[in-house]
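In what comes next, subunit A is part of two complexes: it sits with subunit B in the first one and with subunit C in the second one.
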Partner chain A sequence: MFSLQVDAKSITIFNRKFSRRRLSEYSLLLFMLPALALMLLFVIIPAGWAIVISFTNQALIGPNAKNYSFIGFENYVRLLSDSEFWNSLQISFIFVFGSAFVGQFLIGFTLALLLKYSGFINKSIVGGSVLLAWVIPEIVAVYIWASVLNFQSGSANQILLALGLEKHRWLIDTPLLSLIIVNIWRGTAFTMLLVSSALEAIPEALYDAAAVDGASTWRKFIHITLPLLRYTILMSFILITMGTFSVFGIVFAMTGGGPLGRSEVIGVYIYRNAFEYREIGYGSAASVIMLLINLALALVYLRFIRIDWSEDA
Partner chain B sequence: MATQPRVQSSQIGKWLYYAIVFLFFFGPISWLVLASINADPSSAWEIPQEATLNNYVQLITESEIVLWLRNSFILAIGTTILTVVLATLAAYPLSRVPFPGKAAFMYTLLLARVMPITAVIIPIFSMSVQLQLVNTFHGAILILSAMQLPISLWIMKGFVDSIPIDLEEAAWLDGCDRINGLVRIVFPLMGPGVAVTGLFAFLAAWGDFLIPLVILRSPNTFPIAMGLYRAFGNQGSVDFGFLTALAVIYSAPSILLYIFARQYLVKGMTAGSVKM
Partner chain C sequence: MLKARKFIALGLIVLLMGVLLGGATLIAQEDGELTISFPGDPRSETVNSLIEQFIAMKAEEGVTVNVVINEPTEGYNDQLLLDFSAGVGPDVFSISAETIPEYVAAELITPLDDYVAEWDGWAQFPQGMKDMPALNGSVYAIMYNTDTRVLFYRTDILEAAGVEMPFAPASWDDVFAAAEAVQANVEDVIPMEVEAGTIWGEGTTMDGFFMLFRGAGGQLLDPEDGKWVVESPALLDAFAFYERMFGDGLSAAEPFMEPEPWVFYLQEGLANGDVAMAVAVNVVWGLYAPDGPWGIENRDEVLSWTPMPAISAGEGINGQDFVSMGGGWGWAMSSTTENPELAWEFIQFMSSADSITQYTQGVGGIPTRLDASVDDDHVAAITEQVMPYQSFRPLSVDYNRVSEQIQIATERIMLGEATAQEAMELFAEAVINIVGEDNVKRLPLD
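Our next item is the complex of A and B:
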């Protein structure tokens, strides 16, 4: 009779205490091994290897491919005195600032705010077109925009002509601006979605209470929406900064970094040195600098996540 | 009454903004689709005077698109399966088993997620040469999966976290051991997680450009991304009908997935960044 009255919970507690729970739990960790092995092989080791090669004179092909030697900081010294490297850093900075901060963030943020109170049709048509630009493959985006910005008859110049302006040589006179426009086109969906889902999480009751107090839309935005969104804003800033910093395909396939290096972001600089000039060691030194910059950004990002986390708890 | 004109002008501003955004984002895509069915396509935006499917017919009969499509599907489906299986296996212990250094491990995954691939592409290439993975699909699949795993583990762990442990405990009471409970209770409930992870892995592999560029160098291993890149990279032949039809076919699976699984896409995209 007694045992029938024991509820499920206490049996569970009994089981937990007296079964060999620890042992069997730790054996479950074995399920993580395949994933860990794959990430170790193709994510962690390459990052470490990049550091090692960056201190060598290894080449892609030829005698220095196999019989390379360690040359200390020579690659780094050369890198820091290479004006093309500084140029690529500067280009990357402008590219990130222009497309991530000015474009993707502003458009994504305002769209998320506006669309929150819009009907299904607007959400589907306006929001859907933004998402569509993000979902298509990168090379398709490049091909579409290469045609839109085509000097002869591309639609960008069609619009300029219709407005009574002169045709513009987009990819030759303003290659970086053109790439920034393309990247805004592709990446705005990210901020829009991030901010949208954060907006969904704000309780409507807060706005109702403010409305009772006679707050205007603007004051509601400043005193309710903005403070509650500050971590989302920071996080999307850092995430799109890192994301834009790594953009490669758009630049490489569209302008190849040209003309004359005027749109050469650091990723293309690395690729060109390693795979076209065949200097793996030298290219790796640039990779390490890129990793360090990204690591610094990522640490800032992780700091904010931790704050966010502790506030949730 | 005094506020009436202001409200109206802000309404007009909003519609104007929507119109510009829509034109900017949808305009270029509409050019692609319209040009692909145009008998006389160019880089100009125009409604076709004569609509035709000839561009598609020509593409299928005269190019290597069947080979490229096959290669792309091998890459994308291989990456999807490998990523989903590995992430599903790893997610359960990540969610349920406390182990020392777990928080640090999850942070490391986030770091790996935001690591720029271009920064590690040189060692990845060197390793692929030594492991004889260049020009092999399994090589490209392994690399693509490895790059997809950090975010996949975050997504999957989140899904297992949301499955109540009570369900499993009930199964244990009924005599299920841990593994049985996992297989019978947890795996069936991980459907949405598998969908999100799989969708992301598929889209990432389908759209990837850098890994094929570096690893798949032989023309008979080209996925459709390389086919398109090579075709429009050859400045000599600007065949708009051919290229636009190719780009439409290449985009179709991504767009279809987006239409049918939009809620999963949104979930996966914001995973690991809004709520941890």
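Our next item is the complex of A and C:
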């Protein structure tokens, strides 16, 4: 028979005594269960499944769709000997370096500083327009830029003509550069927002004290702003590197990886093999390698976070 | 102890979720259920209206049919394949004829031979419509949509260029002569467009390359020995057409590298008179109708078409003077359906003379049945003048990948990175990588 006894330190249910502390542990677990179950179902199981089928010759269609078999490391061996795979890796690295590191980060960081400290930039107009680029859907961004970079009548070429220069074949002669520009345009807001909020959190008193000590603006930046922003900077690096490494939509819709593979980032390579060639096993193997690279990058960054720079400063 | 209980609790929750999901599937499997997949494009409106008529017809017979419709607007084939591989494939699906071999190899599609043998409607399908969905002597789909390709041209531009009207080219040289006249005499007009490059995808192979290749008498997959022909005079001729077209500035490469090349070339270029000639699928005629989505107000005065000539008279495939490529969509039954009788009844309904007439009128296409009457001069003319020259793409599980190599070859030529000869050599190399040295052959070049 059900019985419930409650006192200050314990609760007795079915004649069993539970301490309140123990019960709160149970209830914590209980509250986490739905989230854990969803994570398991939609993140961990699919990722695990991708790893499993990366060791098979499973295809979406054809004879290997129904009767596929385990082929060990064959997909991985094939990947490592595929020059197109190495090409896509190389392009991905250039894309990440150019658009995430140089572009999104440096521009986003600078913008955040300018927004806070410079009097001549209108915060709402600049901040708003950068933010706008970030919130519009990827495909919409692609169409906007396709019309900007369009050879015949795009505004980029109209500007070149107005300057007395010749039209440029953006998507043919400089496809990767064009994509990097689009991605910078789109992603700058992220770093800007992160850095802006971190800047707000730096106490003004620190700057005041430095000013009393006669520190120049530059020294304040080097010795106060930068050290206090280092976690934000690293976090922003990790997130934008991973995000950019897995960019697919912009590239796929804009150039399809072309011309002749010159802008084929790893995401497009995976799509082409897994879905266009229907070799889902092979495509999964490439995804697993991509996952490993992302993990490795994250580990490198995390090590940097642990370094305590403030002692050097 | 505590750990074990945690696991039990977790296990119970997962089990509960499983039961809920499973229960939902069981309920959905009741009798009279039909899942139907087809591409969600402008044509699907007519398909939807026909499905409603089918449901109404069955309701009159006292049978309630619960129809689940899948009509993805993008990546139809990918979506369909993923549904199948996840075990939730449809009962009936629309299939583009050239993909049938892949579905057969994956055992996803049911042969319809026994069904058509007892169906009087089958006799109303012309031979081409019976051959297109057939593989190894079995029929796998009933065609409800077919198309063909011709050379469209702007009468006003060609006239201004001094080309004699009506334009009736009998060889590639005639086509080039007209293009050169436009180049010389009309400013700011791209003389011609033949689809090229990877971005236009299968359109490049089907509407562009094959229209040239068949005109040079080419066979890509030899039906005799089942080998891919990776080097042949016809292949070189077709690639040389591209080389001359781009090399002489008779077409422009840039629009082909934009995300949606058809917008510039067909939707705007031909419609606005920025492009003088374009090889294109017949259905664009309907799109250019004054009230159509790409409307040209005075379409009948400024736009016309002519069958695509072979390289020279009698040199086309089967000794033809003119060539065209036919494609199309059919209704197929999946091998996983639990309700084949109802599925066949649906396919039969969708393929009746009345349904095909409604469909063809709705989408402005060419009827697949002889007894489907369509009251349209353009369709009548195209059926009479072009359909006899139709040929089809090779049926093979490897077609998709070989086709991509064709697109890459045209892209190389278009960007000036390979001559026709070099592009053919790279093509041969790539196809050997796909199908193996034993499955290709080379024909002597003269």
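Everything that follows uses one rule, which is that the second predicted complex is superposed on the first by the 269 of 313 C-alpha atoms of A that agree within 3 Å, B and C clash if a C-alpha of one lies under 4 Å from a C-alpha of the other, contacts with A are read in each partner's own complex, and residues count from 1 in each chain.
Just so we're on the same page, a residue touches a chain if its C-beta (ideal position, glycine included) is under 8 Å from a C-beta of that chain, and two chains touch if they have at least 3 such contacts.
What you see is a predicted model; the values in this text were computed from it and never measured.
Asker: Label the relationship between subunit B and subunit C on subunit A in the superposed model as either fit or clash.
Answerer: Because the two structures are overlaid on the shared chain, the partners are seen to clash.
Asker: Quick check for you: in the superposed arrangement, does A:267 touch first (subunit B), second (subunit C), both or neither?
Answerer: Touch partner of A:267: subunit B, not subunit C.
Asker: Given the superposition on chain A, which partner contacts more residues in subunit A: subunit B or subunit C?
Answerer: Greater contact footprint in residues on subunit A: B.
Asker: Considering only the touch criterion stated at the top, classify A:226 as touching first (subunit B), second (subunit C), both, or neither.
Answerer: So A:226 meets neither subunit B nor subunit C here.
Asker: Taking the superposition as given, does A:29 touch the first partner, subunit B, the second, subunit C, both, or neither?
Answerer: In the superposition, A:29 touches subunit B and subunit C alike.
Asker: Touching A:211 in the superposition: subunit B (first), subunit C (second), both, neither?
Answerer: neither
Asker: On the A-aligned overlay, A:135 touches which partner chain: subunit B = first, subunit C = second, or both, or neither?
Answerer: first
Asker: Is A:66 contacted by the first partner subunit B, the second partner subunit C, both or neither?
Answerer: second
Asker: Kindly classify A:152 by the partners it touches after superposition: subunit B alone (first), subunit C alone (second), both, or neither?
Answerer: A:152 sits against subunit B and subunit C alike.
Asker: Return first, second, both or neither, reflecting whether A:278 touches subunit B, subunit C, both chains, or no partner chain.
Answerer: After superposition on chain A, A:278 lies in contact with subunit C alone.
Asker: Name the contact category of A:296: first (subunit B only), second (subunit C only), both, or neither.
Answerer: neither
Asker: Taking the stated contact definition, name every residue in subunit A that is touched by subunit B in one complex and by subunit C in the other, in rising order.
Answerer: In the superposed arrangement, which is not itself an observed complex, subunit A uses residues 29, 34, 36, 41, 142-143, 146, 150, 152, 253, 275, 280 for both subunit B and subunit C.
Asker: Report the residues of subunit A in contact with subunit C in the complex, numbered from low to high.
Answerer: 29-30, 33-34, 36-37, 40-41, 59-63, 65-66, 142-143, 146, 150-152, 169, 171-172, 253-256, 258-260, 275-278, 280
Asker: What residues on subunit C touch subunit A, complex-wise?
Answerer: Subunit C reaches subunit A through residues 6, 9-10, 13-14, 17, 75, 78, 81-82, 84-85, 102-103, 105-108, 197-199, 253-255, 257-260, 264, 397, 400-401, 404, 408, 411-412, 415, 417.
Asker: Which residues of subunit A touch subunit B in the complex?
Answerer: That would be residues 8, 11-12, 15, 24-26, 28-29, 31-32, 34-36, 38-39, 41-47, 49-50, 53, 107, 110-111, 114, 122, 125-126, 129-133, 135-140, 142-148, 150, 152-155, 158, 185, 188-190, 193-194, 197-198, 201, 232, 235-236, 239, 242-243, 245-246, 248-249, 252-253, 266-267, 270-271, 274-275, 280, 283-284, 287-288, 290-291, 294-295, 297-298, 301-302, 305, 308-309, 312 of subunit A.
Asker: Spell out the part of subunit B that touches subunit A in their complex, as residue ranges.
Answerer: Contact set of subunit B toward subunit A: 14, 17-18, 21-22, 24-29, 31-32, 35, 42-45, 86-87, 89-90, 92-94, 96-97, 99, 107, 110-112, 114-127, 142-143, 145-147, 149-150, 153, 169-170, 172-173, 178, 203, 206-210, 213-214, 225, 228-229, 232-233, 240, 243, 247, 250-251, 254-255, 257-258, 262, 265-266, 269-270, 273-276.
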